[in-house]
Amino acid sequence: MASVPVQPLIPPPHLDRRWLRRPSLGKSALARNEARWGLIFLSPWLFGVLAFTLFPMIASLVFSVTNISLAQDEPLRFVGLENFQRMLADPQTWESLGVTFRFAAFNLPIAIVVPFVVALVLNNRYLRGVGMFRTLFFLPYVIPFVSGLLAWQGMLNLETGWVNEFLRIIGIQNPPNWLQDTTLIYPSLAFIGLWGIGAGVIINLAGLKGIPSELYDAARIDGAGSWATLRNVTLPMMSPVIFYSLILGIVDVLQYFLVPLVLYNGTGEPGGSTLFFNLVIYKQAFNFQNFSYGATLAWMLFGITLAITLVVFRTSRRWVYYAGER
Amino acid sequence: MTARLSRPGVLFAVFALVASACGGSATPLSASNVPVSTSSAVPSVAPSSGPATVAPGGPVEIRWYCCLGGGEAPEQKTVEDKVVADFNAANPNIHVTLEVVTYDQANGQLTTEIQSGNGPDIVGPVGIGGANAFHGKWLDLGPLITKNNYDLSGFPSNVVDIYKLDEGQVGIPFAIYPSALFYKKGMFEEAGLKEPPHKYGDQYQMPDGSMVDWNYDTARKVAQLLTVDKNNKDATQAGFDPKKIAQWGLELQRDDLRGMGAYFGPGTLASGDGKTVAIPDAWKAAWKYYYNSIWTDHISLTGPQFESKDINPKDYPFFNGNTAMSENFLWSTYGVADAGDDWDLAAIPTYNGAATAAFNADTFRILKDSKHPDEAFTFLSYLLGDASGALLLAYGGFPARTAAQQAGIDALQAQFTNPIDWQVAVDGIEHADKPNFEDFMPAYNESLGLVGSGGKYLTKWGNTAGLDMDKEIQSLQDEMQKIWDKAP
Amino acid sequence: MSGLFEQQDHDAGLAELTSGLAGATAATATQIRRPRLKPREAGKSFLFTFIVVIALAAFLSPLIRSVFVSLKTAEQVGQLDAPPYPAVHATFAYNGKTYDVYDVPIDGTTRSLALVTKGRESSKFVDPSNAAAGLITWQGSWRNLTRAWSFSPEWSNYSTVWNQIDFPRLLFNTVAIALIGMVGTILSCTLVAYGFARFRFPGRSLLFTILIATIFLPYAVTIIPTYTVFLKLGWVGTWLPLLVPTFFANAYDVFLLRQYLLTIPREMDEAAAIDGAGPFRTLISVIVPQAWPAIIAVSIFHIVYAWNDFFAPLIYLSTKPDLQPLALGLAHFNTLHYRNQAFIQAGTLLTMIIPVVIFLVFQRFFTRGIVISGVEK
């Protein structure tokens, strides 16, 4: 493996993507061979989809055009688009979509930027005792979800939570009721969400460790400062990881429901601010045992998620840089 | 009741209870370490076991699904396992398996199993409300009761009627839980107050010597004297600091707004034509009383205080020992020992001249989809009959059978060092709410989101001062009406 | 903070691990391995580390609170005058009953007396050092008195919890489920990600979209049909529904690995191909060594996921308590000991230990990073 060319590995700090692109092979026999290998490597997933994923998805799609429910008060029948009409006419659909998007606009940037910044901090040469810090930042990720949530509920309690105890010590006599105040609820939820930061930090750290040090050496030789290095080396090289965080962040935030389910029993309190769209789906499908309507809402969410991710995928060609793509 | 079952004295009580509860046929249905003579180890315990030969194709499989309302504790499971093992040994044609799912998850799991066609045969113990979550899924036991000549005369008829619904006779009584006012004697003594009356209809002597009716107004006045802040000022005194309360006077039952209402008067939300939400006036009064208890009178914990594990770490504030009076069901005896050894039971206060003690009842039910209803009924008869003594004790249940109630009282008393006036609870059966507050209403599970445990309005009222309760109640009614209008 | 984004040197792998294990010696351990910083830089380093420590303390405060609660006696939880740390106050047994000891100011001095009879205006006390003297009546409000709490952690909570939860069996089940699933996930996801990242074929982007789309449908509506599939296969009541699917890849991990593989320059695979290596050999000898950080990340994610997964084991193993993992055991324990906060916190902290140790062991791979691309020139 001595013949790896050195030059292309070290692009200048200001990446020129056209320069990096290699000519395609483009021979049909080779292409067929390549396609065959690609499908061989994909086969475990293809088989798994057929065996375990496809049927439940189709079944739920079928549910949405029937009147299936646990009680089955009326005989099971095909109802066409009745459920979809009900969904479009129900104000709760739009209210809960509004809640989901408002929270997404608030939470998504935090959920992407904070793990990235923490990974940078943990990767910073001025930080002593990195191993310890890395473990400690990871620690809450291991805590079972509900336990962690209850711990935060205790921390944020109006009367006995440590947050308000601290605020009282520094002289704030009437600290807020964090989890019951409609103006503070999204910051509180976003803050609680940061406790699962461990996974995002690991992904970002893995990405940072994958950036060849030659790039930084080159940047240093060019006399680039910290910010220039960040903008011209770190960010482009991290763009595949950021892209991943963005896509999964979108899927996660659109399906957000477990925290309000546990904290508010799914009631949407305070003042309807936590009645997320996926919470409505969960309640319809599981609490109210109304499988057909739940499935209808779920496919609506599927469509919304698909539309958004497709747009993001389109734009990714302009800002995500893959060193090994062709 | 957990952990107490291992005490030999109580085990003996199990034995005695079993003997008394099922008409003298002494069966080995006690916890496993009770010495049982080998000769009686495998008696024919079930009514219709027939000849001891296995049917062709092997025994019929019956699945017992547990814990839509208690029964998952290890000590309870030990008793359940033993009950199942004894039944299986005596009935070679039937094989029962037990499936224990913890309360939090039991509802969703049962939904999944039923809808996938993998439902169990028999479910319980389950309360009226818990069963209504699966309305329409229960088997009408009427034909089986007739076919097997099952004797219902041992139960109070009003308790049998609880299970007579539009779906048919869906249950046979097993455990009942009347309500009472739990109170701490020491706190009354410290404040120089007379204890609340133990007999329904008795009056109460106020500190000034006057005799007054034991109604909610009186209870509020007494509760204010029993509500004390850190500076030793009670809630009637000038300078009382509601932000630094050290001891609260009165706690209503706040698991469910309907239950809270039922302590003021019986009713259901579907009492009208079954399609229009009708909130009983007594319930409206109860909810306003609750709201004022928190925000005006300061005799009850606020929502954040109730939710704080530092202030209320043990389900109910009364268990923590710094609440003077608390309305609750008899099943709350499971944790009341934590409150100390100076508690007792008193009569529920009256509202509009009548006392209502909200009522809970648990039993086992057979699912409509069961493929073997006859065998399931055989097992059901056994659970409600020969096995009932051991199970009632394990669950802390009060026997529905009138004849077994004294044994139930003895078993309850055996768990406490202080003598309790259990007659108060027995008298509460007469004051049970009828119709029951947990009776079916349209879109049951969805409606619970508004009034049920952890429901929307309960949370909101406990967390928000300065609400207009008339408006709130109207808003609850409107919101529920919208849900009912959508229901098929 | 101009140095904020300056990167760490790729060194000190093992030292980092040691420093993680023995936090106190962290500074020394790392300094031995590293070139010394200039005095100005050392100051910067100290300041930077200090800020991170503050942020971390706030971040972990709920955990610190849990540790405190886990060491409290059942009696302390719910006492409104108790300190936040684990502590006990003095009591005194008198005539067969136990009474709390308060600091009572009498005649200009403060005496420690046990409160026997509470009253609003006056109360009766007994002197523990001279009980024979009988009751002392004191005028005043006992509520204004203080109790002396002294620090006293209740370590036995942990052993009680350990004995109450059947840890050995639950741990065995959990470790088995987590490790088998981890192997399945790594194998299948690496293969599939390699297929997506390195081979061109018609319909690739459509298939990739389908892959990602499999996670768009909320599980609330697919759970019943999924359960039905496993029921028909006869797998309900076994580990198979938890294990078999891991061998057929999942969207989250394939996507992550694909992203990572795409950042690895192709020159090395091409060199391997010229040397005659087939796709499998290239994967094992070229791709996998470079993708270690991502593969380790996927392993950690799967272990933590399997460790805390509650829902799937619940629905598939509800009839088989002997096969259930720790998450179910813990949930069961929590419903039973709802009234003892100390037990609940101790149980939660106990279940965390093994995943944290696994992370401590694995995290060195992040320190090491992938330097191969730079070294093997």
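Lettered A, B and C in written order, each chain numbered from 1.
Simple rule for what comes next: a contact is a pair of C-beta atoms (placed from the backbone, for glycine too) under 8 Å apart; a residue touches a chain by one contact, two chains touch by 3 or more.
Note that the structure is a prediction, hence the values are computed from the model and not measured.
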{"item": "Chain whose Cα centroid lies nearest the overall Cα centroid", "value": "C"}
{"item": "Maximum centroid distance from chain A, chain identifier (CA atoms)", "value": "B"}
{"item": "Chain A-chain B separation of Cα centroids, rounded to whole Å", "value": "43"}
{"item": "Chain A and chain C: spacing of chain centres that average the CA atoms, whole Å", "value": "20"}
{"item": "Separation of chain B from chain C, taking each centre as the mean of its C-alpha atoms, in whole Å", "value": "37"}
{"item": "Set of chain B residues in contact with two or more other chains", "value": "111, 115, 309-311"}
{"item": "Numbers and ranges of chain A residues touching at least 2 other chains", "value": "154, 286, 291"}
{"item": "Residue list for chain C, restricted to those that touch at least two other chains", "value": "223-224, 228, 331"}
{"item": "Parts of chain A lying in touch with chain C, wherever the complex brings them together", "value": "1-6, 8-9, 22, 31, 34-42, 44-49, 51-53, 55-57, 59-60, 63, 120-121, 123-148, 151-152, 154-155, 162, 194-195, 199, 202-203, 205-214, 216, 225-227, 229-230, 234, 237, 240-241, 243-244, 247-248, 251, 255, 257, 278, 281-282, 285-286, 291, 294-295, 298-299, 301-302, 305-306, 309-310, 313, 322-326"}
{"item": "Contact footprint of chain A on chain C as seen in their complex", "value": "2-10, 15-21, 23, 26-27, 30-31, 41, 44-46, 48-49, 52, 56, 59-63, 65-66, 84, 188, 191-192, 194-202, 204, 207, 209-218, 220-226, 228-229, 245, 247-249, 252, 254-256, 259-268, 271-272, 274-275, 279, 286, 290, 293-294, 296-297, 300-301, 304, 307-308, 310, 327, 330-331, 344, 348, 351-352, 355-356, 359-360, 363-364, 366-371, 373-374, 376-377"}
{"item": "Footprint of chain B on chain C - complex, ascending", "value": "77-78, 80, 118-120, 141-144, 223-224, 227-228, 231, 236, 314-315, 318-319, 321, 331-332, 335-336, 338-339, 341"}
{"item": "Chain B-facing residues of chain A, complex", "value": "70-74, 153-154, 157-161, 177, 180, 264-270, 283, 286-289, 291"}
{"item": "In the complex with chain C, residue positions of chain B that touch it", "value": "2, 63, 72-74, 97, 99-105, 109, 111-113, 115-118, 186, 189-192, 228, 230-232, 234, 246, 309-315, 319-322, 335, 338"}
